[in-house]
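Shared between the two complexes below is subunit A, which pairs with subunit B and subunit C, respectively.
So, the complex of A and B:
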């Protein structure tokens, strides 16, 4: 009996393996054909490529099931590969053999507005000044990730502490903090950032500071609500009864509990801040040219450049899209794991 | 004099009033009691009778604040908890008085290991080192009969069963060797077989350590046989207090009598109708004049509704006191006739 079952299992696995492999190959073929064929209109090409991508995706999931015997969250895995890869590349950017990203004087001999061609010196093409798009995108990732991570860290630490204090002390402290958070929330974020940019230099540090202002109010609210919920549990009273003072109760009893939902919220916020940073740079209020960020790279497509050379906008746009998408997936996972209540909302 | 030194807790005419939007609620209304080292007092009463508030007032957890008024004296080891400054009161909590809460699910911090719950108190109050605190905590876990105490130290609360968690809570309370332990419905959240184990554990620990214990419960069965004395509370007042066996055998207050009669007995015939007490406890925003039990009392007469009975000794002739607050106490003779 067991051997029969095993055999049945094995044939099933082989079938999945073959099917998965076939889907992968067909999908890849469709993608390549859709990408390179000169005979079809753009819409048809796009349909072919997207269909190919879907087939490849399904093929890989099947292959994984057949080989490992259990399902994995392929989308999440791919997102994590993207994020980890991007972070590593961004960290090591100065050491990598990349093209020039901001010094126009060195690119006088490079082709300008070159379309993406893999297997050349400029796999993702160049911009109107001959600067390498891949290098610029990776250096843009450095600034984008740095600014948003810094802003989220400031927001989490400051907002989280204020929230715990408000939630634990309640009364006057809570009302004063409540008025401030509501006041900050009442100002439209983009207008607040534009107002700030009138007197802050657009440096990396100032950008992080300005963007952290956007995260603080929601962090305060989240930390406050969770603190109130946990402060009513008896373990807080038990800690007080063992002689813990108020700061010890907050630091030792409440913060370790509140940090989980706050942390998962922080991951979601990273993606929002990447978008916010990109919007500011797009408007010319963020990091200035020639230093690249995804936002000011997209802005290079203004004034007709996008119609002639779509890659000028599509390349940084794709980086932005994939990164934000991946951070959102990560945030969703984090909330499912650590903050079950808001994940259900 | 010698006897007075022995007193761990002395409560004199304590009244706790909460100011609510609908008016003041006098949750505890003139309760007095005293407790010697090694003595166990049971406080029983139905929900809302003020027994938990009394426990918390005695600890100083409920104290004067903008919405709360506490009058009277709660002397723990001769010091009135309500006149102490907050940090002096914190010194009292742990080495002098400790509390075991109702629900072990919420009284342990879910993100802290079992060991740290106990060692933190040890290190804070006794100032012992890391290693010694660990050893003492293991010893405490062993004393509350937790198997494999060394392994439990590194586990998180959710890895333990309800009964085990309550044992950890007890070990935490005992960490600083308190002179008085207040157990506020320690078994309500546990299932019946575990309830007995926990109650027996508390009783044996109290004897071993010569610790005064207050056992607050609505379960008369939990109190019977495990306490030296019992106080029956109704609507914020003590209506009867004496040696446990006296109260259980010879209740003098009609409320205590009715409460005892409402316990289902295992020896009863099947389908015996449960003798419930008609009506419900009074609205504490507006308690009735006179005896508060009068509206539900089968013996009540006009005097009961007008004049509030004082707590007086009804023991008649015997050595130990038997206090009751009733104009017409149910003396043994009358019970036989009625």
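So, the complex of A and C:
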């Protein structure tokens, strides 16, 4: 009997393997056909490519099941590969053999508004000034990631410490901090950014500072709520009875416990910050041309360009979507793992 | 009653801090507002006169007081950039457009989210539920300016179903107004729809595991009556909370959509005036938006006690 079961298992496995492989091949064929057939309408192309992607996805996950014998979270794995890859490429951008990303003087001889053609000098095409879209997207990733990560770090450190202080001291300190955090929260995030942009130069440093201001109030609230909960626990009482002063209690007993939910919140916020930065740049209030960010690249497609050359919008749009999506997945995972309370909401 | 008084006191304190922050923006602006009005190469006496007239020589707190007392009386000053006009008047002209878009967007989101969430929760774990969940999760990752551009590309430019960069006031023609407002409102609704569906679905699944639902099932009530009559109401509290939280994002996407569709609302006004450095207009608009935002949120906060009797005692 067991050998029978084993055999059944094996044939099932082979079948999954074959099916998965077939799906992968057909999916890839659909994608390539959809992408490279010039006579198709855009909508039909999109349907073919999307269907191909779905098939490839299913095919790969079947292959993995057949080979390794257990399921993996393929979407999450792919998202992490994308993020890690993007970070590495963004970090190394100046060293990579990429096309020109912001110096118009060097692209006078390059084709303008060229559609994406893989296996050429401009795999993702060029914009209306002949600048290379791939290079611009990668440099945009550099700016975007740098600003968001900087902002979220500032927000976590500053907001987290203020929150712990407010939650531990309570009383007057808490009320004053509460009024200030509520005042910042009383202005909708994008409006606050627009207001700040009227007097801040749109440099990388200022953008990070302005965005960190958005994260501080929520961080304060989260750290405060967690501190209040932990401050009543026995180990804090024990530390105090053993003669630890207030700052030691905060630094050694409270912060290590509060840091996990705060950290998971930080991961969740990154994607919101990337969107905020992109929105501001799209409105023309963020990083200015010719320096590329995904937001101002999408804005180039406005006013007629995107009807004739959809790739001007679609290329940076795809980068933005994939990155935000990957960070959202990561944030979801982080919250499920480290902050069960708010994950339930 | 005491709770309400306390809440209002806190509200006023917050608004005071906000208004001071908004006012202090000007002093942080690079350059001199008087120079900005006169332009370079102005005569000296005119400059001094204008500074005096604008009250720029007074101490900060005096100027703040003048501005705030004006604002309370409904006078927010005059705009610096042509068409120079009364700030209050321009805000009052733009506000209805934004409110209409936001409300329409919210309505579309709710009308679609409730049936989707009901269906998903009733068939949790099924193929369609998983597809809905995945689509909603993906929708959350599309920034509204991108969603807007893509929809414009497909529906306004490609298929020509909707106009763009035009606006018909509600008072002129109701069908015309809806025709112009629909596509922008759909863009606003997308993100909210995704959030609402997710939250409501998860809450419904929790509610559906309660004993009284089992009792209703055992009695033989039809499933759709259980879903709508018994499960929906107790599951909608997080949704109400979420609507308060998402108001900020709703305002944000309204700003972007107005800019994108070139509609004459608060959003395009604030973006243009921020680009031109027209600070009285930015100040006024930010103040009004913050006021609306704070008041609505406080209203939602107070409505919990009304919606869910259990929360009344906890806060007292």
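To be clear about the criterion, the second predicted complex is superposed on the first by the 331 of 345 C-alpha atoms of A that agree within 3 Å, B and C clash if a C-alpha of one lies under 4 Å from a C-alpha of the other, contacts with A are read in each partner's own complex, and residues count from 1 in each chain.
Just so we're on the same page, a residue touches a chain if its C-beta (ideal position, glycine included) is under 8 Å from a C-beta of that chain, and two chains touch if they have at least 3 such contacts.
These numbers were taken from a predicted model, which means no experiment stands behind them.
*Asks:* Putting subunit B and subunit C on the same copy of subunit A, do they fit or clash?
*Replies:* fit
*Asks:* Touch test for A:321: subunit B only (first), subunit C only (second), both, or neither?
*Replies:* second
*Asks:* Does subunit B (first) or subunit C (second) touch A:310, or do both, or does neither?
*Replies:* In the superposition, A:310 touches subunit C alone.
*Asks:* In the overlay, answer first, second, both or neither for which of subunit B and subunit C A:183 touches.
*Replies:* It touches subunit C, and subunit B stays clear.
*Asks:* In the overlay, answer first, second, both or neither for which of subunit B and subunit C A:194 touches.
*Replies:* Second partner only, subunit C.
*Asks:* Looking at the overlay, what does A:256 touch: subunit B (first), subunit C (second), both, or neither?
*Replies:* Touch status of A:256: first partner only.
*Asks:* Just checking: does A:298 make contact with subunit B only, subunit C only, both, or neither of them? Give me first, second, both or neither.
*Replies:* After superposing on A, A:298 lies in contact with subunit C but is clear of subunit B.
*Asks:* Report the partner of subunit A that touches more of its residues: subunit B or subunit C.
*Replies:* C
*Asks:* Note down the smallest distance between any C-alpha of subunit B and any C-alpha of subunit C in the overlay, whole angstrom.
*Replies:* For subunit B and subunit C in the superposition, the minimum C-alpha gap reads 11 Å.
*Asks:* For subunit A, which residues belong to both interfaces, subunit B and subunit C?
*Replies:* The overlap between the subunit B and subunit C interfaces on subunit A is empty, containing no residue.
*Asks:* For the complex, which residues does subunit A have touching subunit B?
*Replies:* 233-235, 237-245, 252-253, 256-257, 260
*Asks:* Which of the residues in subunit C end up touching subunit A in this complex?
*Replies:* 10, 13-15, 17-18, 21-22, 25, 28-30, 137-138, 140-146, 149-150, 153-154, 157-158, 199, 238, 247-249, 251-252, 255-256, 259, 270-271, 274-275, 277, 279, 282, 286, 289-290, 293-294
*Asks:* Show which residues of subunit A lie in contact with subunit C when the two form their complex.
*Replies:* 42-43, 179-180, 182-183, 185-191, 194-195, 197-199, 201, 271, 275, 278-279, 282-285, 295, 298, 301-302, 306-307, 310, 313, 317, 320-321, 324-325, 328, 345
*Asks:* Using the touch definition from the top, list the residues of subunit B that touch subunit A in their complex.
*Replies:* Listed in rising order, the residues are 59, 61, 87, 90-91, 93-94, 98-99, 101-103, 106-112, 120-121, 124-125, 169, 172, 175-176.
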